[in-house]
């Protein structure tokens, strides 16, 4: 009988001998796996549930404007259009304001004023969407209807963008509310991007005799360019998925209209409004397909945004959302 | 310009920490003055007080007077931006603007001052790069990014950038610490060439470097200017015991 | 440009930037002002103790909605916190090769998913099989929304615990699992609690995912497998209805909701600044 010589084992990693260690290891892995499976399950469940609609309409779903639950004809174009237009409008307003505020907080403001303003900006992001919607219905919409839209109609009414009856409710209101909600995110992330620019860059500019603004312009903003684009994309991601406030002020009419005064509908809004009442399986599947579309778009936009933001200063600490 | 830099009773703080104590010195014009001392002695702070860069840090404070060409840069109503136009600075770690080309980096100061004409900028860039002993190496690569060059070249771009606006004074805060010996030698050569055209103050932790490039040297310790004098004298026959201890390597 | 012109530009740009910051913050102040103005009159004892009246009748309150929100939050915490904190601990401690990377990436993905999509997910896997709307579905949806926030904060905070502390414990012969549970976690505890409170404040205001999971209810909750009222849902329902009295109550509800969100957020801050002195 051969005797097997004991060969010393080289341990690459300290393998847990302890039962406690092994149990903990398993439990922790299980938690991580749960997270992973959850996300995968989400994708699978939604694809599965929207399959009937995908099979029935195929790619036409994205370009058809017919939304007729009775005839069971579903096309998502008005919602895609509405989502894109409202988000674009929101960004037009929120980007200059957000980056301006970030520049103020990171570069130009006196030191004592920065913490309170930064705190207030965080609070803006903490207000629930439904409360913005409430304010939108009872304060913003009447304001638009009575003051802003008539004026815009008279002065810029030759543009198709500003034609049509002033309802108050509509695409313009949605864009403004979205801008208000998205701007704190753009501000917060932009501020972190700017703060990640090394101080040596600022010193180089200051030593040349640059004013604070000039320093910001040539040393900070240029350096943080890609990160700022990332911040904007993050804002876009938020705007695309925003539901309640938009639903409450956009008018919920599934039509593609040019005018900002016209009511519209977004992908998130149609799901919010019609999901609980969806009468047929195909109706539900169509709505879930819209949800899936929304999911895909926001994931891509967010991933791109993160990449750009990290390119400036390394992984920015978890964005408090 | 015959005045050089006259510093009287200069004190500086970071918050409540008193980092420079009653500094008084006259820095000779169109000559190189070295500033030496152990880490934390205040030599960088001193130099940053000369072009009002110290106060950029939140909580930093300065009292006293610094007269450059007869004018006190700390007089009430004096714009620090203007002060920094006249006094150039080069930093420890080369910091060219990465999103700008070599050319754009060198003329950045001029552009800030409103100079737009291409011919003027071209001429100034060439002049500055020649002064920085870099023209021949980069004249065909002026369009390349400022950070695409080697460390030593980047530092000379920074020097050219500082020189392009034709300052009266050039401050150099440990300009060679981040560079290899060959690049260091090039920059020391450069300092010697610039010597008679500018007032130069060089902070260095390398005593041999101070001995090589400067005419006068000041020794700082714990925020005080312990001794200042002709370089050769300071190194061979210092007056103060503390200077002697530092030079002979007993500390720092 | 002359020096004077450059100085002027500097001043103008500073003011513009300040104006931008002001405009960012202004809506917050406007909304708070409106909430107080419109809501204060309707917030009374009735509001906190009564159920909603039948349609068209004046009066009643949102007591069931407030309780419903609290129940949903407890449910969400019960479902989401264990996975979240343990997940964060895993990400901070594990030496596995691929799973941490995948988990972290997917947590980031989940973070950016619109909450209504998460509601759809909860619908497909809980409401459909159960064939009814339920508090459970709502709590699940909120838990999924909370999850990435809790995971990331926990990971960050566990990482912040100094290695020297762990090494000292290990050198004493304490097994790894005890070090984690008895030394590392308690040190990170305050920060994790803060993260949890921030997450709770965030999901307390969520409406969209509850629209077709918890669904809402005009009565007291009748069981976790039944639809349940929630404050944001009630605010939404009242806001879009045509009754003035309901509008007033919507403002009152909004005031209470924002009070809840802010109080929890502030409390989170206090926890951090007050006791979080051990780890920096």
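The first chain written gets the first letter, and so on, giving A, B and C; residue counts start at 1 in each chain.
The working rule: a residue touches a chain if its C-beta (ideal position, glycine included) is under 8 Å from a C-beta of that chain, and two chains touch if they have at least 3 such contacts.
All values reported here derive from a predicted model rather than from experimental measurement.
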So with touch defined the way it is at the top, what topology do the chains form here? Options are line, ring, star, complete, other.
complete
Where are there more C-beta contacts: A-B or A-C?
A-C
Most centrally placed chain - per-chain CA mean versus overall CA mean
A
Farthest chain from chain C by C-alpha centroid distance is chain B
Would you mind pulling out the distance in Å between where the CA atoms of chain B average out and where those of chain C do?
53
Report the inter-chain centroid distance for chain A and chain B in whole angstrom, where each centroid is the mean of the CA atoms.
47
Report the inter-chain centroid distance for chain A and chain C in whole angstrom, where each centroid is the mean of the CA atoms.
17
For chain A, jot down the residues that touch at least 2 other chains.
211, 214
Check each residue of chain B and list the ones that touch at least two other chains.
81-82, 112-113
Could you tell me which residues belong to chain C and also touch two or more other chains?
6-7
Complex interface listing, chain B residues touching chain A
51, 53, 56, 58, 81-86, 88-89, 91, 93, 95-100, 108-109, 112-113, 158, 161-162, 165
State the interface residues of chain C toward chain B in the complex, per the touch definition above.
1-3, 6-7
Could you pull out which chain A residues touch chain B in their complex?
111, 198, 200-211, 214, 218-219, 222-223, 225
For the complex, which residues does chain C have touching chain A?
6-7, 9-10, 13-14, 16-21, 23-25, 27-28, 30-31, 34-35, 38, 82-83, 86-87, 89-91, 93-96, 99-100, 102-103, 106-118, 120-121, 123-125, 144, 147, 149, 151-153, 156, 175-178, 180-181, 198, 201-202, 204-208, 211-212, 215, 232, 235-236, 239-240, 247, 250-251, 254, 257-258, 261-262, 265
Contact footprint of chain C on chain B as seen in their complex:
79, 81-82, 112-114
